[in-house]
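Here subunit A shows up in two complexes: once beside subunit B, once beside subunit C.
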Partner chain A sequence: MADGRANPWPEAARLLVLGALGLLFLMPYLWMVSASLKPLDEIFRASLNLIPEGGGTLRNYARVLAEVPVLQYLWNGVVVCGGILFFQLLFAVPAGYAIAKLDFPGRDWMFGAVMLGLLVPYHVPALPLYVAFSWIGWLNTFAALIVPSVISVFAIFLFRQFFKALPDELIHAARIDGMNELSIVWRVILPNALPAATAFAIFSVVAHWNDLFWPLIAVTGHDRATPALAILYYRSEEAGDDFGALMAASAIMTAPLVLAFLVAQRRFVEGIATTGLKG
Partner chain B sequence: MPMSEAAVALRPRSRAGRQGESLAGLLLTLPASLSYIVLLLAPTLAAVLLAFTDYELGAPSIRWIGLENFAELAEDRGFQVSLRNTLVYVGIVAPASIAGALALALLIESLTRGRALFRAVFFLPVVSLPVAMATAWQYLLHPTIGPVNALLRDIGIAGPAWLTSSDTVLLSLAFIGIWEAIGFNLVLFLAGLTAIPRELHHAAEVDGVKSTWERFRLVTWPLLGPTTLFVVTITLIRSVRTFDSVAVLTQGGPNRASEVLLYTIYTEGFTFFRLGYSAAITLVFLVIVLALMLLQTRVLDKRVHYG
Partner chain C sequence: MTPCLPRRAALALPAALAAPAIPRAQGAVAITVHYPQPLAFKDSFDAIAAAFARAEPQISVGFVTSPSYAEGAQQVLRQAVTDQLPDLSFQSFNLLRMFAERGIAQDLAPLLTREGDPAASGYTPPLLALARFAGIQAGLPYAASNAICYLNAELLRRAGFDRDALPADWDGHLALAGAVSQRVPGADGMWFAHSEWTFQTLLYGHGGRMMREDESDIAFDGPEGLATMRLLARMPSEARMPPLNPNAAVQALAAGRLGIHYRSTAVLASIAQAVGRNFELRTTVWPVVPGRPRQLAIGGAAGMLTARDPARREAAWRFLRFATGAEGQALMAMASGYVPCNQRTIDEPRWLAEFYRQNPLFRPAVEQMSAALPWFAFPGANATRIALSIGRHVEQVLERDADPARVLAEMAADVRRLLRSRG
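Take a look at the complex of A and B:
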């Protein structure tokens, strides 16, 4: 294997280069955690020691937990990402199935609409949606955070491609067994689409947990703040230049997805690679 | 589910069956169609129309003003700076993150062990909350207490105010952008490299292509064409959409030195509530994104060799 692409450098040299670059890449994480464990005066001394003197302190974390409703913010993130994913699958799986496997008037036209929708970044409909939501009094609600994303043309496209490759016999057999189209979708098609659904779920949750643009527009208060907004608020209202507390807050809000990634690394990478199309 | 044997035989469907299928198709797509129209199509068309009005949130009236917004854009120095900054940012982030990711992918692919570890390390920024990581960069690049300048001080260099000086701010943001984008591109390149059969490299070697560079040029690079094209388009579009780091770190400053298109859309629309004008900038943004996609299908596609 090693000589499959006979490389002029020995493997040790390549490991060394990658190791050094990798360490450089991890610097923001290392310094974030390091600063979050240091008392303020140590941070202000700007020493180059990653390891805090005297073993560090958890006071920054305690301060963050005491000052802001961290659990509330994380919960908001879970509700928003979960709500969005639920509706995206609810709408896109049947639509993807119908466009891939059923013959009905307007099908090709619908697929064209999906392809067209793929071209439009979500920032474009944001302005009119904001106006509409402010009219009907939806700003600062979960609905405002969830509803604009419930339709994912990308999900429809992805499922359509995936279902297209499923054998027709599977569906015919289910029909002969007397199943209606809706139960075919949820009991036959979806279990077979789990790889695609998992990949899409990872893509969707990463995108919406990390999004700032729309939450910044749709939400102004703390009640419905997502983790991304929470850090912005915490910096402007509480922490200011106290980087210890700010880094502690950042570490807390970053942890859930990063831990999930470390646990299910392979799935994450595959999920993002297969859904890379949408960016 | 037991597979009935009759299933294998594809029988011609009756007319009732076909009508049932039509109905099922329409019903199954109904939720998606409705939400598509209400949440995507209508607001997108509304955004296009808004661009030709003087609409401001809270203003009593709305007036059709034709191309006035665009005429104002042509004179607006702030918008021009924003457009130029966006192009500079993309011009740095895209080539650097694509070439860097390709180099890393080739290095990682050649390893016998540790591939998953390195892939995970470089991919980490893709799953990390950008706002949180931006604040981490704010600390790293802080002019007085930041570790980067502390290190430079130790070796006798006075580091610049990375994020607060107009000379360095765009470069600093571009560096963060490269850091964020490289893992994503790396994963796509790794997937592309895995698809290239190893036998081809052996064959090239047997045919007398001795140097690694020549084998890369003759075998890997052409076969990686479709992947590269895809990575180029995706990276261009993603970096045109840069917003988070600007919103968190610089708010477009100092003196508009880091103002980018999406941030201008945001401030005009949601800080000054000039929605018509903001929609006009959004339209420019949309045209750029569409042009990049067209570039993929029309120009670049012809030059890509599909193996």
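Take a look at the complex of A and C:
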């Protein structure tokens, strides 16, 4: 943080600019919440008002809660995102450590393969995966939603870059103390890599929470549907979108992410600031 | 297939039809029914399933849905590859041809005729034609929509028109829309929902066809097609139609800034809700081409039978038959606002007369069902690309001031190319 104690004006100007920008970026979200509280004919009126007339209505929310099993969708989202993140860290942290710090034949080739993996869009393997999952009867299961994402080459790359910067002395000291490689990974490296891990966790959870493409293919019906699919319920190309309910569903489905961010805000900002990852 | 209860008495009453008069050696069956856009259809399917459960308690119906027609079609195509088809699937009329050509939809004609004359139960030839493709009865129509006019009665009055004496043809409509945009400051006269479907509707109004009878070549590049394109070109020039996308056009209408909105009845429920009490909304039948009878392309969805297992196939057929029967169609119309696809539901006042008296906005769509023509679907794998190409070309005339004759020639060439490369 810059030191502006001598003269308060630069600080105030900075706060003003940042505050205005913050409000600008927050506007779509505020607009969503505002629209979710209005009846449809008020949303469509020619005049623009952020505050709903007469204090607003909760009818849209009541509709969404009545028509879509919201808790089920949110729970599915937690299971899927949590499962994916768990396995991604389980595989990517040791892999990143090995590529960054261990010397073994073929290491550079392996890193090359990781880079190559980054180039494959995830839509490409979707159809083979679909056919394979239907063969082994995994469609409409959590496994179908989790397994394709358990290995993240992006995470391996990210951790490799981060571990590269960790001092070798740390690892040497651990070896001298008699730790084996696995406990080095989990007890020495990971605690030091927490900023990188939280930064990656944000990207992973947000991406999979909002993912529409793969759940739409792998899942039919409510039982395993993820939060993004609930929002889709209120879209209809032919019969017209129901904007009030659409916005209410979006507000409900994004609320857990917003809450999680608010709770762990400091961690996240640290993680992104120290890994040089900026969106 | 075991023949069952083809009795005239059973056909006379839907309730009687639903209760099997002959004890059947068949236990409980569970079927899976797929339908798209739950926002529009969920209420109607829930109502029908409840009535069906009372009539045939031994059949339990489970639903799966997909957000849109396009996603629904892709889902069923994928499931056909992996052998996980639902027993019954509802698809948009224009996508049904693809399922018929690929052998996924089964021919329903034998099932229909084993019950006697289909027309006696409301399945008249024009209604069945909506879902007849590739030489088979690929589906039974479930819900229909056609193009109507949504009017802002207040704007028309301020422009000096009597809202009870509106013009019947396009010349009158364009003059009226032009007057609204001139006389009411800040208002636009009209917006036309341009798409391949409304192009067909205008072309039929001019007496044209999309392809020749034998499908050897396209048929829309003749004088009727040119007249259609010229009519479209008059919308921005004479009636000052603004270049809006469909969502923006609904917003303009609901905000009270648009005189007439020309579009499918499918959006009626959502437009009525968006307008709310902002102004008086009216609907009227589609304008005719001067000197020609009214003819319209019909949109909507039909149920196609995909079950292979004989017991489930029979159960799925019974559900489809119930959903498209007189009672099922009345439930569908009341819960969704779509136009019923059973002639008995349309003709017999006991089903919907009360509903239309209370909801007069829904009436024009039913009144013009007698002018219904099937939504033509192009043959081959490029059908969707062809529809998109037509939509793009129509847009050029409406939004970019392009020459109608030149655009029609380009469109014809593009569609011919896509038809040839169908493989």
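Assume the second predicted complex is superposed on the first by the 204 of 279 C-alpha atoms of A that agree within 3 Å, B and C clash if a C-alpha of one lies under 4 Å from a C-alpha of the other, contacts with A are read in each partner's own complex, and residues count from 1 in each chain.
One rule holds for everything that comes next: a contact is a pair of C-beta atoms (placed from the backbone, for glycine too) under 8 Å apart; a residue touches a chain by one contact, two chains touch by 3 or more.
No experiment lies behind these values; they were computed from the predicted model shown.
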item: Touching partner for A:228 - first (subunit B), second (subunit C), both, neither; value: first
item: Partner, of subunit C and subunit B, that touches more residues belonging to subunit A; value: B
item: Which of subunit B and subunit C A:206 touches, first, second, both or neither; value: first
item: Which of subunit B and subunit C A:31 touches, first, second, both or neither; value: first
item: Partner chain in contact with A:168 - subunit B first, subunit C second, else both or neither; value: first
item: Touching partner for A:65 - first (subunit B), second (subunit C), both, neither; value: neither
item: Subunit B versus subunit C as contact partner of A:143, first or second or both or neither; value: neither
item: First (subunit B), second (subunit C), both or neither touched by A:39; value: second
item: First, second, both or neither for A:79, with subunit B first and subunit C second; value: neither
item: First (subunit B), second (subunit C), both or neither touched by A:216; value: both
item: Subunit B and subunit C footprints on subunit A, overlapping residues; value: 43-44, 46, 130-131, 134, 216-217, 229, 232, 235
item: Parts of subunit B lying in touch with subunit A, wherever the complex brings them together; value: 1-4, 6-8, 10, 18, 21-29, 31-33, 35-36, 39-44, 46-47, 50, 57, 104, 107-112, 114, 116, 118-133, 135-137, 139-140, 142, 144-147, 149-151, 154, 179, 184, 187-188, 190-191, 198, 201-202, 205, 212, 215, 230, 234, 237-238, 241, 243-244, 247-248, 262, 265-266, 269-270, 275, 278-279, 282, 285-286, 289-290, 293
item: Contact footprint of subunit B on subunit A as seen in their complex; value: 1-2, 4-8, 11, 14-15, 17-18, 21-22, 25-29, 31-32, 35, 43-44, 46-48, 90-92, 94-95, 97-99, 102-107, 110, 113, 117, 119-121, 123-132, 134, 147-148, 150-151, 153, 156, 168-170, 172-174, 176-177, 180-182, 185, 187-188, 206, 209-210, 212-213, 216-217, 227-229, 231-232, 235, 243, 246-247, 249-251, 253-254, 257-258, 260-262, 265-266, 268-269, 272-273, 276-277, 279
item: Sites on subunit A touched by subunit C in the complex; value: 39-46, 67, 130-131, 134-135, 139, 216-217, 220-221, 229, 232-242
item: Residues of subunit C defined as touching subunit A within the complex; value: 34, 37-40, 42, 63-71, 75, 78, 81-84, 145, 247, 250-251, 254-257, 264, 266-267, 269-271, 273-278, 299
